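Here come two complexes built around chain A, the first alongside chain B, the second alongside chain C.
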Partner chain A sequence: MVIFGVLRSGLYALTSVGLALSVGVIGVVNFAHGEFLMLGAYLGYWLFVSYGIDPLLAIPIGAAALFAIGGAVFRAGIQRVLRAPELNQMLLTFGISIFLQNLAIILWTGDPRTAAVSYKATAVPLGPLVVGLPQLVVFGLAMAFVLGLYLVLGRSRLGKAMRAVAQNRVGASLIGIEVDRIYLLTFGLACALAGVAGMMVTLQLSTSPFIGLLYTLKAFAIIVMAGLGNINGVIYASLVLGLSEAFVEFYVPQGGGWSEGVFFLLILVVLLVRPKGLFRS
Partner chain B sequence: MRRAGAGVTLAVLVAAAVALPFWAGRAQPYYLQLALNILIFAVLALSWDLLARTGQLSLAHAAFFGLGAYASALLVTLAHVPIALGIAAGGLVAVIAATGLGLLTLRLRGIYFAIATLAFSETLRVIAKQMRFTGGSSGLIAPPLLGGSLPAQYLFILAILVAAVAVSWGINRSRWYFAFTAIRTNEEVAGAMGVDVVRFKVLAFAISAAFAGLAGGFYAHVFLFINPFEAFSIATSVGALVAPIFGGLYSTVGPLIGAAVLRVGEEILRTKFRSGYLIIYGLILAIVILYLPRGLVGLWASMRRRGRAS
Partner chain C sequence: MKGIFTIRGVVGLAIAAMLLLITAYQPALAQREPIKIGAIVPLTGPSGTSGQAMQKGYQLALQDINRTGVLNRKVDLVVEDDRGDPPTGAASFLKLVTRDRVDVLIGGLQSNVSIAVAAQARQRPILMAWTGAASSLVERALADADWFFHYHPWEYHNADSTFGFIRSTGAKTVALAYEDGPFGSGSADQAEAFARNYGLTITFKEAFKTGSPDLTPLLSKAKAAGADVFVFVGFDQDMVPMVTQARQVAFNPKLILAAPPSWPVGFEKLPAGHYVAGMALWTAENSHPASRRFAQRYREQFNEEPVSYWGPLAYTNLFTVADAIRRAGSTDLNALTGAMRSTEYEGPIGLPLTFKRSIYGKNQGFTKLIAFQWVGGKQVVVYPTEIAGGKIAYPAPYGR
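Moving on to the complex of A and B:
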């Protein structure tokens, strides 16, 4: 049970780290985050079905495509409301989310799609346990991406610029950082991460236009637990969510259905008890 | 003069609304059904706006709608309560839930509040889906209101809407209006000025939920069937929020106009696309936020001003 919980938390971490990035650096809570994941998942699906490209190999394509889409969405809409009240930002991203979801329904119908990758059902022994190969690969890759992001944020010039902007927009622009460019890059990066996570969803599960909202909400649960904008807390918070879902699935009768409610309950409880998050930044 | 004009317009509108079933009831049941849908939607939109006036942007209107629907359907089928009473009880259950939620979320602002209400609504959906007495994912069957007579049902929801309009009008004309606006603009300052912030926020929540719950109970006994996905649908919460934003926030007329225009537009789109017609909500939300911050009512006002100036 623990291992299942841990494995699924990898994907959660990858999904939420992008959202945490856009909240932390730009200060925009993006309700459409999961829809970018959904677009990535469909891209992975179509590349596999039409051209036989394995979703794993398609990750760079997906990242680039979602970076471009995210950048375009930012330029066309979100940039205009950066200085508007927080609620306008929320409603705008909510609108984008509804738009993208229904666009997907119109384009690709609401039926779930599964990419039949040859090793989808392959299982590998892991110590005394047997786990699915895709799950293991996804976990490894997701963690690699998340840790890679930490490295970028911690070490590179871009990462330092992002952190500077996150701390103080005015101060950052005074020392010569082009704040608007950093915002654009950050939002694109957040969407690219969501897109990569989407391709992994294709690899491991199936995709439908409706998965976006689910992942947005789970990512919310995680970043709320981590404390809004706290990127370091995301991994721990993902573990909390993954483990508690697995726990409910295993120990509660009809747990499969109840586990859908776990993250909502976590959001509610954390917001009401510790609105600043569980983990120190 | 303008006052009298507005009064006449209002009287004509109400008379037309009351007369509609007698004209359309036999010949055009489709239009009567559409009108009834618009009225349900208008009640929800107005109810959402009432809460938004205190600065609380809820994503939980589906929760109150669903609670009303389930409470009424269960009371009528299990306890054999008269249907009208069941619907009223549905409103009451929603009020109780809203008071609890309102007290819990008092400290939460903006985005935190929105996320918490969304979480509340989705938690209820999971509960309704998992519990046996709610019929699980297959849902419940509810007996028809007023013997299933469409014109009578139409008048029933019209009465609920008129009550909602009266409450909304009354609030915007009383001292409450200033209390709500002060809380929305700046809670600390409102508190310092002597506005009882807690009381007004929870009151707004309760009143708002009452109408959402009534609409939900009504919905159950008109469409005769509810399940967790329909009753607690996020589309309900989205619709309840887009209509007032589109029509014009914090007013009585705005949500009504928004609801009517959106539902008719949705109906037209529905004939073109089998699904995915909700795309219009997303588009409208984005466009209104970017270009029309005061909604249709604001657009109308500024057009009139321009017309008079030229």
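Moving on to the complex of A and C:
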């Protein structure tokens, strides 16, 4: 149970850290975050089916593409409502979510599509257990991306600029940081991370226009548990969610039907008991 | 004689001539007014692919029907997209019946949409030749409706066919996993009783949420139950994680049997999907001559494989309705109801279609599903043996 819970937390962390960036640096709750994951999944699928490129090898292409798409969406829409009431921002991102989902349905139909990657069903022994190779690889890569992001945020000029903007936009602007450019880069980066997560989803599951919502909801649960804007807490919160779900699925009778409601319960508990999040920023 | 050449006479002759002309051309006018049939199908939404397959089936049927027409009239099909959404389905019904004034209503796929449509239909009875819905909630909603004709087997028919097939393999025990919505829960509710009827024991029964990315806990528990056959009732999006993660946890029952409404694109190429069995009304490997002809036409016309049974089912739906109108001699509801009741048709589904009473309903068409197994990327029919195109691989060589 622990192994399964930990393995699934990797993808959760990768999906959520982008959303945490949007919320923490830009201050925008991006309801379309899951749809960027969905676009990444489709890119991974079509690159595999059309050109035989393994989704893992296509990650750099996916990241670049989703970065560009995210940047374009930011410029065309989100930038215009940054100083508008938060409700306007949420409605806009919700509208973008609906638009992207329906665009995917029009372009590719609602039919789930599977990339028949040769190692999709391969398992590897891990001590007394046997675990899926895609799950193991996805966990490893996801953790690498998240830790890489932490390094960027902690050690690079760009990362420090992002943190400065997150702390105080006006102050950052006064010391010469181009706030709008940081916002653009942050949003692009958040979408790129979601897109990479989507390409990893292609390895394990079917792709369809509807896969984004589930990951958006889990990402929200994780960033609430971590504390809104607390990027550091995302890994721990992802572990909590992954292990909670696995515990319910393994030990609660009929737990398979209950486990997807775990994140709702966690959001409720955290908001009532510790609204600033479970983990320190 | 002199009288007809007066002004009155000439006018009278002219009026008579006009009346004669109008009467003579009446059949031609009537010929130009088409018979309108309305169809409610999900062209978009989660069942969009199946709905689009239905639309293609209707197109093929319409070509055949309009070669000769019906009662010297062309048939027009007005298609409304219910988007898999019950309120949209209800609105589609109202539009077709009150604005388009269709003579007959066909279509239907999802049970929840069918329930919404049924509520409207009770207030405005029209001949409903309904392809879809497996939930017997729909059957109960229209239990006393003479004008409701249902083509797809009800869920208890599906359960009966499924457990009959399982029994035929020699299996004794079953592990059942089902999605916790109406589709899965409805099937699970029937399962125990039907299993008992066929001398089978359900050793494991658990729900899951459709769309769950990780089914390994569920599959690990099912593996521990040690049943001969694993029955998985879910949607197309659940099939890939189920088969791949079953391999990953080395869950190798003697047979995996799944029955999604349709299969994901590319599933046939997935090695983990080999030898998984399924239940369906029809597959493209069906050996019936009408079925082969349909499949061939479908490929030629649409440049794609007919992977779902909704295409031939829709063809059957429209074709039999047109035939009933022809036999009734009109679109009068009573006459049409009588003609539909006497339908005897064997077409691309490859099974004979007649309408008989079911548990709650008055006019039920198909009552059996066939079983197939994925072999070499094809859905080879393995049950019933009379129409089988191959022998079932049981125990299936999963993980070998």
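Rule of thumb we're sticking to: the second predicted complex is superposed on the first by the 281 of 281 C-alpha atoms of A that agree within 3 Å, B and C clash if a C-alpha of one lies under 4 Å from a C-alpha of the other, contacts with A are read in each partner's own complex, and residues count from 1 in each chain.
Operating definition for what follows: a contact is a pair of C-beta atoms (placed from the backbone, for glycine too) under 8 Å apart; a residue touches a chain by one contact, two chains touch by 3 or more.
In this text the structure is predicted, and so the values were computed from the model without any measurement.
After overlaying the two complexes on the shared chain, residue contacts for A:F99 are found with chain B alone; chain C is out of touch.
Of the two partner chains, chain C is the only one touched by A:D111; chain B is not. Residue contacts after overlaying the shared chain place A:V81 against chain B, while chain C stays out of touching range.
By the document's definition of touching, neither partner reaches A:G71: not chain B, not chain C.
When the two complexes are overlaid on their common chain A, residue A:L272 makes contact with chain B while staying clear of chain C.
In the superposition on chain A, A:V131 makes contact with chain C only, not with chain B. Shared-chain residue A:F250: touches chain C; no touch with chain B. Looking at the shared chain after the overlay, A:V29 reaches chain B, while chain C stays out of its contact range.
When the two complexes are superposed on chain A, the residues of chain A that touch both chain B and chain C are 105, 109-110, 254, 257, 260. Within the complex formed with chain A, the residues of chain C that make contact are 44-49, 52, 177, 180, 206-209, 211-218, 220-221, 236-237, 239-241, 243-250, 262, 264-267, 269-272.
Partner chain C is touched in their complex by these residues of chain A: 1, 4, 8, 11, 49, 105, 109-116, 118, 120-123, 130-135, 201, 204-206, 208, 210-211, 214, 245-246, 249-250, 254-257, 259-260.
Taken together, the chain A residues at the contact with chain B in this complex read 29, 77, 80-81, 84, 86-88, 90-92, 94-103, 105-106, 109-110, 213, 217, 220-221, 224, 254, 257-258, 260-261, 264-265, 267-268, 271-272, 275.
Contact residues on chain B toward chain A in their complex (touch as defined above): 57, 104-105, 107-108, 110-112, 114-116, 118-120, 122-123, 126-127, 129-130, 234, 238, 241, 245, 273, 275-279, 281-286, 289-290, 293.
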